[in-house]
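Across the two complexes that follow, chain A remains constant while its partner is chain B and subsequently chain C.
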Partner chain A sequence: MTTQTAIFRIDGVTKSYGGVKALDAVTLEAGVNEYLSLLGPSGSGKTTLLRVIAGFEVPDSGRVFFQGRDITNLPAHERGIGFVFQNFALFPHLTVRQNVAFGMAHGAVSVSAEDTAQRTQAVIDMVGLTGMEDRGVDQISGGQRQRVALARTLVMQPKLVLLDEPLGALDANLRGRMRNELRAIREKMGVTFLHVTGSETEALAMGDSVVVLDRGRIIQRGAPDDIYSTPASPDVAHFLNRFNLFDGKLSGGTFTGPFGTIAAPQATRASRDVCAIRYDRLQVLPLSATPTGPALKATYIANEYLGSAVMNFFETADGKVVEVEHHLSLGAPQTFEPRQDYLLTWAADQAIVFGREGK
Partner chain B sequence: MSDATVATKRQGPSWLILPGIVWMALFMVIPIAMICYVSFWTQTTFNISSTPTLASWKQFFASDTYTGALWTTVRIWLIVLATTFIIGYPTALFVGLFVKSKTLSTVLLVICVIPFWTSFLIRVLAWRPMLGKEGAINIILLKLHIISQPIEVLLFTELSVIIGMSQIYCVFMVGPIAFMLGRIDRNIIEAARDLGAGFGRIFWKIIFPLSLPGVVVGAIFVSVMVLGEFATSGALSGRKVNLLGNIIVTQVGSLKWAMASVTGVILTVVMGMVIAAFLRIVDLKQEL
Partner chain C sequence: MESRVLKPILALYVAAFILFLYGPFIVLGILSFQQGPDGGPQFPITEWSTYWYQQIFGLTPPSRIAPLPVGEALIRSLILAFMTMVTSTVLGVMSAQAFRRKFRGSSFVFYLIVLGMMVPGVLTGLGTSLLANNVFGITRHWYTTAFATHVAYTFPFAFLVMLAILNRFDGSVEEAAWSLGVSPWKTFRKVTFPLIFPGVLSAMLFAFTLSLDEFPRSLFAAGGTEDQTLPLAIYGTFAVEIHPNIFAFGVLTTLFSFALLSVYGILMGMSVRRARKLAMQEDIA
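Now for the complex of A and B:
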């Protein structure tokens, strides 16, 4: 991506709170009309990153650019960047219509009363709040408040919208629906969304590209399927919450772990030696079977029914819990005896190996 | 109908309300009824009888002293209300909104309350050595050569009553406003900034409307106390400023129970109207 098509770019931004680095030399850019999702555990600095871009926080060092202009020292209300808050932050004393119209009625750019009314109505219709215009914001449901928050930001026609865990306050059912709506609305408006989330499924489902943030640093950026199939580090694999991670030792193209020694010709360079195997790549065999690939003895503990899949939990000799996912579209699940030992096996090429000796 | 059933279920056993009813009856309903009743009694110089008459009421509205006291009360109330608001609101804004640490804002509120550690009368009388002709303010201004003659209007005038009352009651304005401001979600202010509003717009469109319940509660506190005042005006005006409260004190002192009752009823009615007017501004049931 070149700088010409980038809508915003942050360059080596560092921000500390009381000696703790919330952001450590972060450099990131996003293109026009792109959906970027930012995944990170709590405390990774993702909200701080959004607040720096929005102008609520001044970075200790580094620059922030928006539409090719350096906005590092520009106050928030002159930036023209939309921000959707986690708790929606609606104006409690105003109606839905007044909330949506606020930016046009009281913002830096003056908009005529006619235009304000017309644009307000258009965006209210777009987010599906027609008929609710004169309700107070405490008289509508959580999903509707989310839409008001979105409408209030979008009506200002920003080129960049920052969303801080926008679906975090909604229940699971609504979250799924709002995901689709967010994507649809974004495509209709042609703006860039930077969506911060702590949920790996949300990040993968929504972003055109996903940025993984950990302890104030960007540790991977890529398309959702790339991140999912080739995590760049054990930490990324851990945040994706889809991998069993085994500590071991990488040496001379082989990885030695609790399951013995396996060939690891394609190992990725990382700060520690870890072998990652996806939950759904593991197979369970009886102890008597002779596996073709590497295998690990483990005790069955319990399972969890997820609707479309069953999660089986096993415990290895050293007390580590291993998760095995069986997708129900692949046939009826196996049944296991609690406290019985089984062999967990996988195809050798399915393991992703990280290590200090990797490439 | 269903609302009523739900309400009774939620309220629990109804006898719990009994102590409240007894208390209110003994200390509010009966005394007020008595004052109303006594205001129609017949007063002679040395005696009072329960023969009903309108004489005291007629005398109140015919006399410049009494009606004058009514207007003085209203005027001083409005001025003190305005000064406590003008001084109190910015203070509350600082304590409740601009101070980010909750601990510091609590400490600042406690500091506002420190004058209350001494008795009310001492706080009032302490203004005399401050405001007097040879008081602290005049001495300082003279030493700084800002004035060449002591300012005499500072003490024993309406001004000194207003200064004294403003100082004493200001904290009752600060407290409720600071409380409401402290409850405002900071994200709301950031959201307004993000939508392009500058500080002035954010203040008038977001912060002030959201603090209005606090302003109303503070104004009710100050109004009720100022309207019923007699000590500050007695101590700082040199008997030149007569409020309804002072009239009641004087009448009771000379055993003119009927006239004291008339004044009491009028004062109660004024207070009732003031509170009702404030409550119309904001629906406190909903806001608090």
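Now for the complex of A and C:
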């Protein structure tokens, strides 16, 4: 169906290392001019997936297609797919300009010295490194190195760029700025980005669509807001790091958990019975109050100030930590007494229930 | 408390080490300035002179002491050491490069290579000469059979040096080059080789110096007098009588070695500065 506009497609790709499956029959495609972010915990196979597409690893089975061509057995340097490394992997013995010009100067496609110089300068200007051309790559900051890595890749005008946790090595402030720049640069160049990250906020913020990977399998793909509001499984909810997950039992349209039994008419099918409630959907009431919805008794432990919100931590009778987020835009936070018991409650329709009996 | 006892002991140990390392050379150095041609290879110095140095270069009138027959042997040894250096380093880099990926039987091949520096030199030399004479029926020469034993001996050293260097080498810079459309061979030339160059220098130095003063293998594997390497030629002169001209020659070769080391040091310094950049880059990761 989308084969016409798909820039790349991988078909049932499996890759094992010493008997452990890093990728388990993964099928994925991305369209032209798309920003795809790939979210997964460490060990989920997300870096392996990138390396298979780039040609650094050969899959055990399955095929890799790029621009309609089967490239499964094509060596990396003949693929024309860009790759940005987490550690940038700049050439330490070359200057900024030489790093950027490297692919044109030594690649198979011969580019005239004039064109090389002109294209190099243009891309250096675009990523904002004007004036740094003759510095060694050890004489520039982390953020500037990131730009060199990006410039070096983009100057080759690839149709697909793979980014392996490209912002992981930067500090938080810079990370925020580079996020915007990455998006802007991508839109300007009209290339497809496949951005691997272990950070759920980065994945949701950057991708036109988000792919969630776990233990070598794709467990959900969708628009960021869809993934956020309707995670497909307890695992996705867990990776998003925004949900309290309660184990329980789903049976006959009701879910029984530590908070009692609630109606669960819209449960999602999953391999285990879990009720997920977003951090910011919980309300805290004094023990004496009479909640209108389901409620759970919990002991207040501590809080954490996050700038725009306060995160409160409670512990239930069975030792589970429940997080309650309060956005400061909604008013001053409540204050709680340590070691005191409170009632945590939520609107019944805010809970997302997963279970073996789900649909 | 501990260091108050330990420090002087260690200092003493280092002093003794340096004395044993340089003591013999200092004695030789002093004796090389003995008066000639009648002064002998022992103390006291009857009179300071540079006679024996002049004799090496043939600047003295003929006397009863024949000039050292080492000129041609020296040239031979230098050429042999150079050939060995180039061959062993190329082999060492290539084989260490192969060991970056585990392959079937890699540990067996590893021990097979390293065995080259473990096997007693006398046996290798003797074996080679028997092989050449009795099995293949070829004449032994310094540039054939002796060269082969020198390579077999120095190659493991070059291999181990390169293995250590490549173990710490971050392959992602190579992958980055490939993803820019640069072929693996060009990547090796433009990225890998410049970055492992300090290791290549060390491997070269090892191979050169080990070959230059190799004795037991050359003894059997090099042919007759016209195939003698420098260590063999020097040893040959001991058999007759020892004169201070040998000491003078020893001083000169040592100075040559120091010059070689200095070149190595300078090149190394330049490469290390480059390597430091790489290390900084890795720190970020």
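Criterion: the second predicted complex is superposed on the first by the 358 of 359 C-alpha atoms of A that agree within 3 Å, B and C clash if a C-alpha of one lies under 4 Å from a C-alpha of the other, contacts with A are read in each partner's own complex, and residues count from 1 in each chain.
Here is the rule we use: a residue touches a chain if its C-beta (ideal position, glycine included) is under 8 Å from a C-beta of that chain, and two chains touch if they have at least 3 such contacts.
All of these numbers come straight from a predicted model, not from anything done at the bench.
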Superposed partners chain B and chain C on chain A - clash or fit: clash
Chain B versus chain C as contact partner of A:85, first or second or both or neither: both
Partner chain(s) touched by A:76 [first = chain B, second = chain C, both, neither]: both
Which of chain B and chain C A:56 touches, first, second, both or neither: both
Touching partner for A:169 - first (chain B), second (chain C), both, neither: second
First, second, both or neither for A:145, with chain B first and chain C second: second
Which superposed partner A:102 touches (first chain B, second chain C, both, neither): both
First (chain B), second (chain C), both or neither touched by A:93: both
Chain touching more of chain A, residue-wise (chain B, chain C): C
First, second, both or neither for A:137, with chain B first and chain C second: second
Intersection of the chain A residues that touch chain B with those that touch chain C: 54-56, 75-83, 85, 87, 89-93, 102-103, 106-109, 152-153, 156
Complex contact set, residues of chain A against chain B: 54-56, 75-83, 85, 87, 89-93, 102-103, 106-109, 152-153, 156
Footprint of chain A on chain B - complex, ascending: 185, 187-188, 190-198, 201-202, 205-206, 209-210
Chain A residues within the chain C interface of the complex: 54-56, 75-83, 85-93, 102-103, 106-109, 136-138, 142, 145, 149, 152-153, 156, 169
Complex interface listing, chain C residues touching chain A: 170, 172-173, 175-184, 186-187, 190-191, 194-195, 274-278, 280-282, 284-285
